[in-house]
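Next come two complexes built around chain A: one with chain B, the other with chain C.
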Partner chain A sequence: MRCLYIFNRNGMCLHYHVWLRSLMTLSPQQDQKLMFGMLFSLNSFTAKIDPVSSGKENNPPCSFYSFRTNTYKLHFMETASGIKIILLTDPRIGDLREALMHIYSNIYVEYVVKNPLYSPGQPFRCELFNMALDHYVKTLQ
Partner chain B sequence: MDPPLFFSRAMASIYNLFIINKSGGLIYYKDYGSTAKLDTNDSLRLASLWHSMHAISKQLSPTPGCTGIELLQATAFDLHCFQSLTETKFFVVAESGAIGIEALLKTIYELYTDYVLKNPFYEVEMPIRCELFDLHLARLILRDKSVLV
Partner chain C sequence: MAPAKPGDAAFANVDHVNAELFTLTYGAMVRQLLTDFEDVEEVNKQLDTMGYNIGIRLIDDFLSKANVTRCSEFRETADVIAKIGFKMFLGVTATVSNWNADFTECSLVLDDNPLVDFVELPETCQGLYYCNVLCGVIRGALEMVSMRTEVKWARDMLRGDDAYELRLKLIEHVAEEYPYKDDD
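Right, the complex of A and B next:
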């Protein structure tokens, strides 16, 4: 498990959590912007290159959920409200779609959205969220 | 006569194949059965887009030594990419969960080196118009497809 990003619909990085990262090519802000931009483009690329789309769009457009390189694997999930959760892990890890769903519904929604002091659309720093996230991530390894 | 050194048996068929050169230009595109056939402009655009995505993914790596995206998994398909040492990229859109695609890509790379690069009339980085390459590629892909039928 290397790092986690959470973006909202407008591209603002709501949270960035790092466990193990030996290389950061760009500054954190640039890195986050690049990450968001790349995911946005990858989503439109995936929708366009989809070989099985019926062309009528009565079913939701195909979206990617993961990509792998030789040094890392990126797992992606977007919710209906536009919240994007990205996890960068070791390339040997398998499919983490359920884990991302769990992180969204049981950790993010529980500790951040339901927090009365949190105003949506702003970056957040919440100890309970961090603790729950760390704890959950340990169970995955 | 098939001289592939790698014995590749892809267990599922591929939808299409793209080959892009070092600068991201599309030099070869072949469609093998997607429902939405891409026209020339679209295929060019998507190839350049993939080239940029591939490059950006290297920048976002949390550990050094990243060489780019090798596999992209989506709900309806998987995209496998092979990059040679000269930064020519071969990528195929295949069914989700297809196996043997990496070996298939390596075999395609061998066909490329044999029938394209060794062709004295071929200019490097230009679109591929080599009959022997088309022929052997078609034979390779259709042979794998006929295994399933």
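Right, the complex of A and C next:
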């Protein structure tokens, strides 16, 4: 595992977590903005280029769930409420769609959304979330 | 065995609390609002706002447990609210009816309303929408999935009508926009 981003629908980075990232060429703000912008464009790209279901309003737009380079793999999930979860990992790792869903349902919703002190739409720092996330991510490797 | 309804699985997935405790807690809260604000209209507004704040969080809880896919049209959304949403959080279901011609407005008729057990509106609170919190919850939750809506009580048994009916109106689908400006 390298790092994790959580964005809300407005492009606000709610959470950024690093496990291992030796190189960071941009400032955190630029880095997050670039990440969100790429996801946004790639999402509209995948929907527009879709040769099977495009043009029909009844079908929900298709989306991508990962891409891989020679040094890392990016896993992506978006919920209907616009929460985007991005996980960067080693390129050799397999399909993590279920793991991202688990992070959303069992960690983000339980420890952040249900936290009465959290104001929705704001970045969060939550000890329990970090612990649960660390613990879960260790089981994936 | 009858086939399982879609809401049942979601209902089984969530923690439950005692219904009477829930009803009484809600009652106590409305009572306190009436004492604090002294004005029935203001209490209606407060309940709606509280509901809204609940709704914008509840949607993530709902999506993470209900296992539904994105709705392609508003008719499907209304069905999901009635059959899965209400079941999951209140343990009851609702019936969707009375669509307008272009399918942007419908009624949700509650089959049962656990919030109103033991409740009778006194003379002084006749204008109160006791369950107004539900309107806010639905509005808040739908706003988080890109739908601006208006939700109002159409019939309320506490006010002498023959059913609990919510009127749900879709104002617009909010398109997803790129949130940053080019120059910042």
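Miscellaneous remarks
Just so it is clear, the second predicted complex is superposed on the first by the 140 of 141 C-alpha atoms of A that agree within 3 Å, B and C clash if a C-alpha of one lies under 4 Å from a C-alpha of the other, contacts with A are read in each partner's own complex, and residues count from 1 in each chain.
What we mean here is this: contacts are C-beta pairs under 8 Å (C-beta built on N, C-alpha and C of every residue); 3 or more make two chains touch, one makes a residue touch a chain.
All values derive from a computational prediction rather than experimental measurement.
With both complexes brought onto chain A, simultaneous placement of chain B and chain C is permitted, the two fitting side by side without a clash. Shared-chain residue A:64: touches chain B; no touch with chain C.
Once the two complexes are laid over each other on the shared chain, residue contacts for A:139 go to neither chain B nor chain C. Among chain B and chain C, the chain that touches a larger number of residues in chain A is B.
Vertex at the C-alpha centre of chain A, arms toward the centres of chain B and chain C: the angle is 120 degrees, rounded to a multiple of 10.
Legend: residue contacts after superposition of the two complexes on their common chain; A:122 is shown touching neither chain B nor chain C. In the superposed model, A:27 makes contact with neither chain B nor chain C.
For the pair chain B and chain C, the model built by superposing on chain A gives 13 Å as the shortest CA-CA distance.
Looking at chain A, you'll find residues 37 touch chain B in one structure and chain C in the other. The touching residues of chain A, counted against chain B in their complex, run 2-3, 20-26, 31, 34-35, 37-38, 41-42, 45-46, 48-55, 62-72, 74, 88. On chain C, the positions that touch chain A within their shared complex are 56-57, 59-61, 63-65, 69-70, 72-73, 144-146, 176, 178-180. Taken in their complex, chain B has these residues touching chain A: 15-16, 33-36, 38, 42, 46, 49-50, 52-53, 56-77, 79, 93.
For chain A in complex with chain C, the residues that touch the partner chain are 9-11, 33, 36-37, 40, 57-60, 79-83, 101, 104-106, 108-109, 113-114, 120.
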